[in-house]
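Attaching a single structure in structure tokens format; questions to follow.
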Amino acid sequence: MVVILEKNATPEQIENVVKHLEGFGFQVHKSVGAEKTIIGAIGVKPNFDTRTISILDGVEDVYRVTTPFKLASRSFHEKNTVIKIKDVEIGGNQVMLMAGPCSVENEDQIFRLAEIVAKSGAKILRGGAFKPRTSPYSFQGLGEEGLKLMRAAADKYNLLVITEVMQIAHIELIERYTDIFQVGARNMQNFSLIKELGTTNKPVMLKRGIAATIEEWLMSAEYILANGNKNVFLCERGIRTFESYTRNTFDLSAIPVVHKKSHLPVIADPSHATGLRDQVPPMARAAVAAGADGLMIEIHDDPEKALSDGPQALLPDTFLKLVDELKLIAQAIGRTI
Amino acid sequence: MVVILEKNATPEQIENVVKHLEGFGFQVHKSVGAEKTIIGAIGVKPNFDTRTISILDGVEDVYRVTTPFKLASRSFHEKNTVIKIKDVEIGGNQVMLMAGPCSVENEDQIFRLAEIVAKSGAKILRGGAFKPRTSPYSFQGLGEEGLKLMRAAADKYNLLVITEVMQIAHIELIERYTDIFQVGARNMQNFSLIKELGTTNKPVMLKRGIAATIEEWLMSAEYILANGNKNVFLCERGIRTFESYTRNTFDLSAIPVVHKKSHLPVIADPSHATGLRDQVPPMARAAVAAGADGLMIEIHDDPEKALSDGPQALLPDTFLKLVDELKLIAQAIGRTI
Amino acid sequence: MVVILEKNATPEQIENVVKHLEGFGFQVHKSVGAEKTIIGAIGVKPNFDTRTISILDGVEDVYRVTTPFKLASRSFHEKNTVIKIKDVEIGGNQVMLMAGPCSVENEDQIFRLAEIVAKSGAKILRGGAFKPRTSPYSFQGLGEEGLKLMRAAADKYNLLVITEVMQIAHIELIERYTDIFQVGARNMQNFSLIKELGTTNKPVMLKRGIAATIEEWLMSAEYILANGNKNVFLCERGIRTFESYTRNTFDLSAIPVVHKKSHLPVIADPSHATGLRDQVPPMARAAVAAGADGLMIEIHDDPEKALSDGPQALLPDTFLKLVDELKLIAQAIGRTI
Amino acid sequence: MVVILEKNATPEQIENVVKHLEGFGFQVHKSVGAEKTIIGAIGVKPNFDTRTISILDGVEDVYRVTTPFKLASRSFHEKNTVIKIKDVEIGGNQVMLMAGPCSVENEDQIFRLAEIVAKSGAKILRGGAFKPRTSPYSFQGLGEEGLKLMRAAADKYNLLVITEVMQIAHIELIERYTDIFQVGARNMQNFSLIKELGTTNKPVMLKRGIAATIEEWLMSAEYILANGNKNVFLCERGIRTFESYTRNTFDLSAIPVVHKKSHLPVIADPSHATGLRDQVPPMARAAVAAGADGLMIEIHDDPEKALSDGPQALLPDTFLKLVDELKLIAQAIGRTI
């Protein structure tokens, strides 16, 4: 922690700050300049609330000097984490594709779409069985029936399953059917839920909250890691800004930033980021070019009848064509798809 | 719903849009202008995803014309909702004060602070027993022990209790000790939790999510109302913006907007909105002047030793002085405190 | 400046950082901890681009420790600046009211409205003669004719005039008619313009840009002060956020923040902040309660026919009633109106 | 325009709205549903302030149905605009590269960097001679001397010149040296300046303001087009959001949105969008993958000594390597560089 004293701070005020810091167990180093005094406070207290010092008289500013996360940080674990699930790797050189409908709607639908997913070369089938919906009157998902259908469809086409878990009480049930737990943007700071997922053995994909800083996102990953589950990867899916043409603003620079700060894989979801079908292909291409370790894309073969988010789903043909373009882009930066 | 066709939309495209709308059960009214055709689609489908139409060929824009919430809307229930708990009313002419520490820390602390709360004339004691913390390494609250202490302190000083519930599994436990459930900003869209709270009998205070629009906030209130609990009130506590000097940006204009759109009471929390003690009094005054039905304020008599959020807690003397000012401001707009 | 080295920084990297800092003329103080090394760099270089150091190998973070503005800072000038224009003071104990139409439209209109402004007790008449409009097809103001009419109306009712200046070429012309130059939100960082206004003798009201941090706003004030004009005051008028119900989000906490960081007066404009007439009275009351040194309010007696921004203008009766409430609120915090 | 009446609107209120609309010259179409009445108001008034109607009694909401810009819209001009300057085309199939230093610093520097620009295959040299700086104490550019040096360097290496114009008084001077006028983000709504640029013959690159919606950006382009200059192209350079790790949030989805709404070319500036050298290559690649018609990239061969923005400048070698990657990505989407 670094404490900047006000220009006019008195010696008594400075002494008082030092006393407080030492009281909290910090080692104190003082630098006295012509204009300002700076105090360096060294000690391992990652969660110290710096405002405790900033409200003391004579203090102008306080800066934390350690990241508040450890297990998730690149300095703790220098090499990229690669998550292995059966023969699939997330975070390796291959860019991993996940695709499927927003919601599992019925047996036909999920089998038809699983076939397309497999055809594209993607290895992971996505689909919602429990849906977080803004309105209490919207379709809330098929529940366990949806999980069963998705598992069967995935097994038939040799795919892995990823699906969202919304509450602690569902973890055990969902674990029986899925290969990867998905934590949605709205639950990124549902600390009770993510703590519990930290005690499971299955990989967790943690979506970024719509107003979460990259640091808060990594702090939520830390919750899972600190509870014992090391198989965490992140998913950028757009943040909320003043621009309203797209549903969210796709923050693609989060990808290289996460790669710098953390060893965890990070993928991108252009479907939720944009919310509009015709924006998905350019943004999917951009995400791969920016270095994403994977993509999650919503597809549907009858989007007008989809029970949720039809308008952002790609049609099968568009999706297959997009995957071809993505392969060329991956190649341009030395990766495969 | 209103559908605006593109200037160059063909008759076939327009016909196709009409067919789709009728297929979804809407009554269709077409207005043909020199430049544009507009289609009014009438029908009660509050959750219809307008993007389903916006992706059709020839469509330029689509607007929803009904609010997506009903039970929470002023047009459904014209008179202000007044929530009565024992002899306390929230949403009436009196501006209701809630105060107390961020976290219950020990017996002494909560009894000392409850005494100050009672002395100020406030009727409701706040305090956290289960704390949502960004870091897994921070103090997470005393749990049930905290609930017991707060209940005892409140009873001694004839106060009501409000405390946060973070997960479904805690509802029953917390219900035994509290008079009001608090849903925190991070859980505003934890739909599983709020749905469950809709089945209880106790009033629920729903904090606004840091990136929630006013409409989304009212949609979350709708979840609680639709599940049977009519005693919901709202709490503005700051939204996330680019300005970083204050922890959040206190969106005080949300207060008159909620009063216009909804019959539910709305209070304000200047402590979390600003995150800095010296900002709390001016913002508390501003909230009352803007028409808030109540205030939630954090206080502490030894904030440097507080286990959480000490820097934003008011000292008892500052708090008592502030309440005197607030009384004058309430009076200036024809209310009491 | 404070430089935080990475945990794994090598002695060579640290030495290189020190060399660079000394090369830029900083005095260097090193604090070596078990986990981290911190370097304090003391020296008066308020505009040093800290990124120059942050890109060196081994550097984790760099913090500036001096505010980038000087003349505008509270530490440079401890007492509040009070701007005197004839018998009017801005920044004193009295909260100063400015009111008038968005645009000067014709002689009748401005004289009628000036009469109402005078009747309310406000001392300053606002009105636009040169209007910054988002659309090239909107009414752009009456130009010099508008200035003449406003001056005449103000003189008749013993009011001061404030009006916006949009370009350097208009400064001389406007100076002949106005008592205060207004710089609009869109021009807050029109550095050419504000530099030039720094060389005039008339007070300048600097509106906050819709996406300007408080620091950037004070930096723009610094431009005017540094060019010799000490009569600068600020005007909060809402910032752009994700919330779209109101035109902007009125950042009232900027008022106490500016008062803490700077000696310059700060007023508030609830008309532009909210953009909706029925939001203006509660937000005007809130601004006074938060400590604003003045208010700028748009009024119109025939808002449906107003050539610009009619929908946010208060009707004369509402305005006069509001001023009565504001007087009580000012009194509650020990001020007058 | 579409007007939605409140559920409980009286026939008199509806009649009053109709009367107003007709008074403003609109053709009115009424659709009466069980729940709501909707009024379609047809007529060519692109700048009508819809709030004029929204404040009438009984009105719930009002939507504009025409875009407020015309000349800039895709519906006005279906084919892509391609701007030709000598043998260079902006907006064609080739992705156009512009590169150079943030500021022209001296003869040696600009000639050395122009050589690198030419070597990369880029056709346009960028460089600032008049610099908009947040601080009045920062380097403000070499002025005319800078223009001369840049012109000479560009001529030697057969490059075009693009440079920023900050005020009307400089237009004539800068026009003598540059091939393209650049309007910076802070001046996007400096309407006096852009109106004047609309009367020149040289192409104008209009950067997006940091808080400008895509619609406002196109409205500013409309100002230039409406004043007669048809050679306008746009530059996305990041918007301001809550995320502070990068200087701005690069809104790459603006690229396909602009291509949909408008016929004007749109390029991207990853240097200003991210503000950090190591973010520039991934974001440059992403911009090309997203469909940008060009890139503007800052380079420097001694960034530690750069007089402005050194930390975001690419080193020559990194730049040349990046261009090679960009060529492959352009090829993947059927374009060239």
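A, B, C and D label the chains in the order they appear, each numbered from 1.
Everything that follows uses one rule, which is that contacts are C-beta pairs under 8 Å (C-beta built on N, C-alpha and C of every residue); 3 or more make two chains touch, one makes a residue touch a chain.
These figures come from a predicted structure and were not determined experimentally.
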Measuring between mean CA coordinates, which chain is farthest from subunit B?
-> D
Same or different for subunit C and subunit D, when you check if over half of the residue numbers at their contact belong to both copies?
-> same
So what's the Cα centroid distance for subunit A and subunit C, whole Å?
-> 38
CA centroids of subunit A and subunit B: separation to the nearest Å works out as 26
With chain centres taken as the means of their Cα atoms, state the distance from subunit A to subunit D in Å.
-> 30
For subunit B, residues that touch 2 or more chains besides their own = 211, 240-242, 244
Of all residues in subunit B, those that touch subunit D in their complex = 2, 4, 6-8, 27, 29, 31, 33-36, 38, 40, 42-44, 60-61, 63, 65-66, 75, 240-242, 244
Name, in rising order, each residue of subunit B that touches subunit C in their complex.
-> 211, 213-215, 239, 241-246, 249-257, 260, 273-274, 278-279, 282-283, 285-291, 325, 328-329, 331-333
Tell me, which parts of subunit D touch subunit C in their complex?
-> 20, 46-47, 49, 51-52, 54-55, 68-69, 132-138, 166-169, 186-187, 189-193, 195, 209-211, 216, 219, 222-223, 226-227, 240, 275-277, 303-304, 308-312
